[in-house]
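In what follows, subunit A forms one complex with subunit B and a second complex with subunit C.
Moving on, here comes the complex of A and B:
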């Protein structure tokens, strides 16, 4: 006989998640809603006043001669590509090496993870001095953005390595044993077992790296301020400048932010549809 | 025991939350209105970006200032708060919205005009008119007490005064007199830069404030002072250029060439004129043709290279000095000049500005705030800044004091600052950060790619085209800004109705 659940017991879980959900909604969805409203207005934070302008801010971002939206998006896209490629080419090999290490695996995990928990400002300041002494990478418009991407890859390698490690440990050993019996070499095992089984993890890491890279700001703000010659002006920095350094352009900055959101949304949506999670093997 | 810990933890959390609420913005006023927080003295909240964390002398200065002011005004408790320069505007807007604005703050000329036009600042005209201090006295803070160049940014075109200057700054050329003195041994032209004492002997500690006659003279001097090694690399720069300085580097040279960066009303960019183009080309040619500079480096600042004695002259400011002396363990053998006259200019010039103290419109203690502003803006405040920070004052009477004369003896590099400040034009003042964001990358491109632009294969078809593009973008900034100003005025008018 099914036990009847009282309404108070049904309500209890929601009460438990309520405070956290309220805070999350307040600082995310409510803020996003306000930002969307501001993007359709000529809004000045100082005066607390606004004037409805419709899609003028969006039109200005996309078509105005003095708008740097497309330039910033181009730079951001380059940064994303460099970051994703760099991340995959470093984090996965690091994870594979870490897994194979017989001694000191925990030590290596910790060491590689340390940059991920170091404040971005600290990393930016340290790398600013490194780049100034070795190669002057920030002095040239061709090398400044790749230099920032290098910092981003280095900072995120450990975090993504840990995620890959978790994915790798989930792969049943029996698959590798069977492959060895069938005569597969290491590369064949990696290509036909490891990569397919890591598919979901790869998608996750790629999506999260893309989302994070699209929002790069700290390194640009600390190290280059968008220079030299705007070669590192990314969309997040452009949003910041227009929101806080220019009078009364909060609406325009909000429009830039929502355009960025739209781009990220499309990217992620396409990725999730194309590479959507699926069961790799039958139980 | 665990229950005891739980109760203790809850109690502590409640106390912390209550404490935060009691002191936080809106709730602070409620608590004060309840009479739960009574202070014996009127609190006066003063913001500034000068911080003991960047320079311990600022800490000494504020301690002395607080002690001196409160000794004369025992009913006022001055509370200083440091706000980083880069976050000032954001912090102020947050404070205004959150009902926790300061009573008084130091305002850079970067923001003062904007703050006034937003209606954030209290007009000081009535306070000045009612001030019992007489012109010519140390406590007087009206216009006649200050150098004209200090009294340019603190009032609107309609005569509304919203700030009292507390410092006077000017861009200047900073010369390494060790290098000059060594070069002067067999060069009459360099020797002529130095002043002479009463007996006619060369005073190697001082150069004339207008020692450089014109731009050709400057080019000759810097070429002579440039030293190269066997690889033709510059080991001692005749002059240091930072491509990323943009309008900050360009503006004083433009002033010396008779040009202006913007119009007085902040509606139009004027730097793309023939004088402006001539100025940018002169600067670019110093690097590419005269080759008096080492390669452009974003990370190495002019000041660092100057302190390392690897540059004969850099563009710096009249405030530069005490920090150089401190960082070089006592080196004072350098001198300052204005920027030399350009081909289209009338005489040596530069750009000047006077950061000021302002009173916010929401200040409740206007009397205390005004007394503070008068103290800091008066002669005594100027002398305190001179004593602790090495700053020259914005007031005429400051330069007649024994303390200033003593400072000149101790630090001869101060000898020209008054003349330089008097010779300067008004620094650009409208939406500077937004303007720099538009103009600086273009000026940087011109400096970095000058030869390619001249040959017709650069990022811009010509220097004139690049400057025109920058000016058009800056005009858009001004246009949008003035639309905002109209909105603010309309809002205030509607509020008044």
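Moving on, here comes the complex of A and C:
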């Protein structure tokens, strides 16, 4: 009797952990494994046929003359740089202003946060019209990508502002008091107290913005479909088109996904380091 | 003084944030003629005072345009009656509710085991779970599609739901909350005859309500807003969530845009209302997902 209880006691944790862990692993490790296998094959999901082709799919993406991989990567890199600069130049100043304004903080936070809780498709549809009402940003091949980045920055400003606000309120007031006694002006306080104390938050927001904008898809799909003249073809869109708009390219699309993973992984690694070092709920 | 400048700057910023919403709502109230003639206006011409005065004078005005007698809700009614938007909204609601319930249930169980039980391989399994977060969604799109197609779930409701049914982040968040509950409470409950299920239901859950609500809200919003995944998995329009339904209108110049905007408002409104009600949990959650030095 006692023995049976102890058996079930021993199995219980696995029963609790099992379903969640299985699904989480199935849709990360297992699926990445399958797609790695597929990426070495000439694979057609609908025909069900597959032929081993070695590194052909990767070779095609990286070196073939008809490959748009590097073009898409270049566009993605431009989008990432614009988003990161735009985000840091808006959300940190907004957080500082929000603190300084003192009144209406809750209201501002609510209004600035709205885009974060609105479906991306809705934002893209609305901005598609706003951009075409005021200038033809989306019709011109060198303004289309910055216009998409503008939407990205606008949509993320409030979210990142909230993160910066949390970081700012953690800085002990006593540091500023001491600086005032030492005769530091506003800029010196910002430069020598706020910035160093905010370093981790800055790294966090930067890395999260990089990872997020590497994956930009919805606004491209809705607003430009990669055009005009492929000027907004980014890597996530490229993968989508190759996998689902062209038949029998699943192997090639899988290779593209793995290449994207290789690029993003550098930043994800940094993020994991930051993630591990932060404390949640530990007051 | 600098405070006033900050206030003015924040107010201007708030106008920039709100303008697209005002534009969306304003456009959703226009007739097709009004949208074609006056694309930029926030107020539909037939409600503008200038046009109404002109009409009262007997001069030609927007009130003579076809559709001027439309009720203010006309596009909303039409979006449901002819656009099938109620169907899409219903689907979005089903996906969001099912995914949220499954996440909360399975993540709670897993988080409880990771936080409170001792078993062989626990730290290894937890490390594995955290590692699943390293693969970003855009990379997983094709791989997950391959899995779902292996499972034969392409173009089904479950195909959309199943990858969202457990999440490492949720387990991580709940585990942290559970770890903060004093072990003495658990011992007391055990002495009173509670098993681990009883402890979970009667001790752990009531004490970690904020974390559970936060996770629930995040999951609900994520599921309501998901777009790329259902777009890839589904081809049957009857299963489309609102996001995918709306995307059918992209770059379509002939589309009935006021009606599309009405549908957009209906797609955005539920979350905005939810946000207004439960704001403190969400903002608290964001601050948590942000960093502490």
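Worth pointing out:
In the analysis below, the second predicted complex is superposed on the first by the 247 of 283 C-alpha atoms of A that agree within 3 Å, B and C clash if a C-alpha of one lies under 4 Å from a C-alpha of the other, contacts with A are read in each partner's own complex, and residues count from 1 in each chain.
Quick note on the criterion: a contact is a pair of C-beta atoms (placed from the backbone, for glycine too) under 8 Å apart; a residue touches a chain by one contact, two chains touch by 3 or more.
Note that this is a predicted model, so its numbers are computed, not measured.
In the superposition on chain A, contact is made by A:109 with subunit C only, not with subunit B.
Of the two partner chains placed around the shared chain by superposition, subunit B and subunit C are both touched by A:128. When both complexes are overlaid on chain A, the residue A:24 reaches subunit C alone and has no touch with subunit B.
In the superposed model, A:136 lies in contact with subunit B only, and not with subunit C. Once the two complexes are overlaid on the shared chain, A:244 sits against subunit B and subunit C alike. Partner contacting the larger number of subunit A residues, of subunit B and subunit C: C. Of the two partner chains, subunit B is the only one that A:226 touches; subunit C does not reach it. Residue overlap on subunit A between its contacts with subunit B in one complex and with subunit C in the other: 45, 128-129, 224, 244.
Here subunit C touches subunit A in the complex through residues 2-3, 6-7, 9-10, 13-14, 16-21, 23-24, 27, 39-40, 106-107, 109-110, 112-114, 117-119, 122, 125, 128-147, 149-150, 162-163, 165-168, 171-173, 176-177, 179-180, 196, 211, 221, 224-225, 227-228, 231-232, 242-244, 246-247, 249-251, 257, 260-261, 264, 267-268, 271-272, 274-276, 279, 282-283, 286-293, going by the rule given at the top. The touching residues of subunit A, counted against subunit B in their complex, run 42, 44-49, 51, 65-66, 128-129, 131-132, 136, 138-139, 141, 224, 226-230, 233, 241, 244-249. Those residues of subunit A that touch subunit C in the shared complex are 10, 12-14, 16-17, 19-21, 23-32, 34-35, 38, 45, 94, 97-98, 100-104, 107-115, 117-130, 133-134, 154, 157-159, 162-167, 170-171, 197-201, 204-205, 211, 214-215, 217-218, 221-225, 236, 239-240, 243-244, 250, 253-254, 257-258, 260-261, 264-265, 268-269, 272, 274-275, 278-282. Listing the residues of subunit B that touch subunit A in their complex gives 89-90, 93, 96-97, 114, 118-120, 243-244, 295-300, 431, 433-434, 437-438, 440-441, 444-445, 448, 459, 472-473, 476-477, 480-481, 483-484, 487-488, 491.
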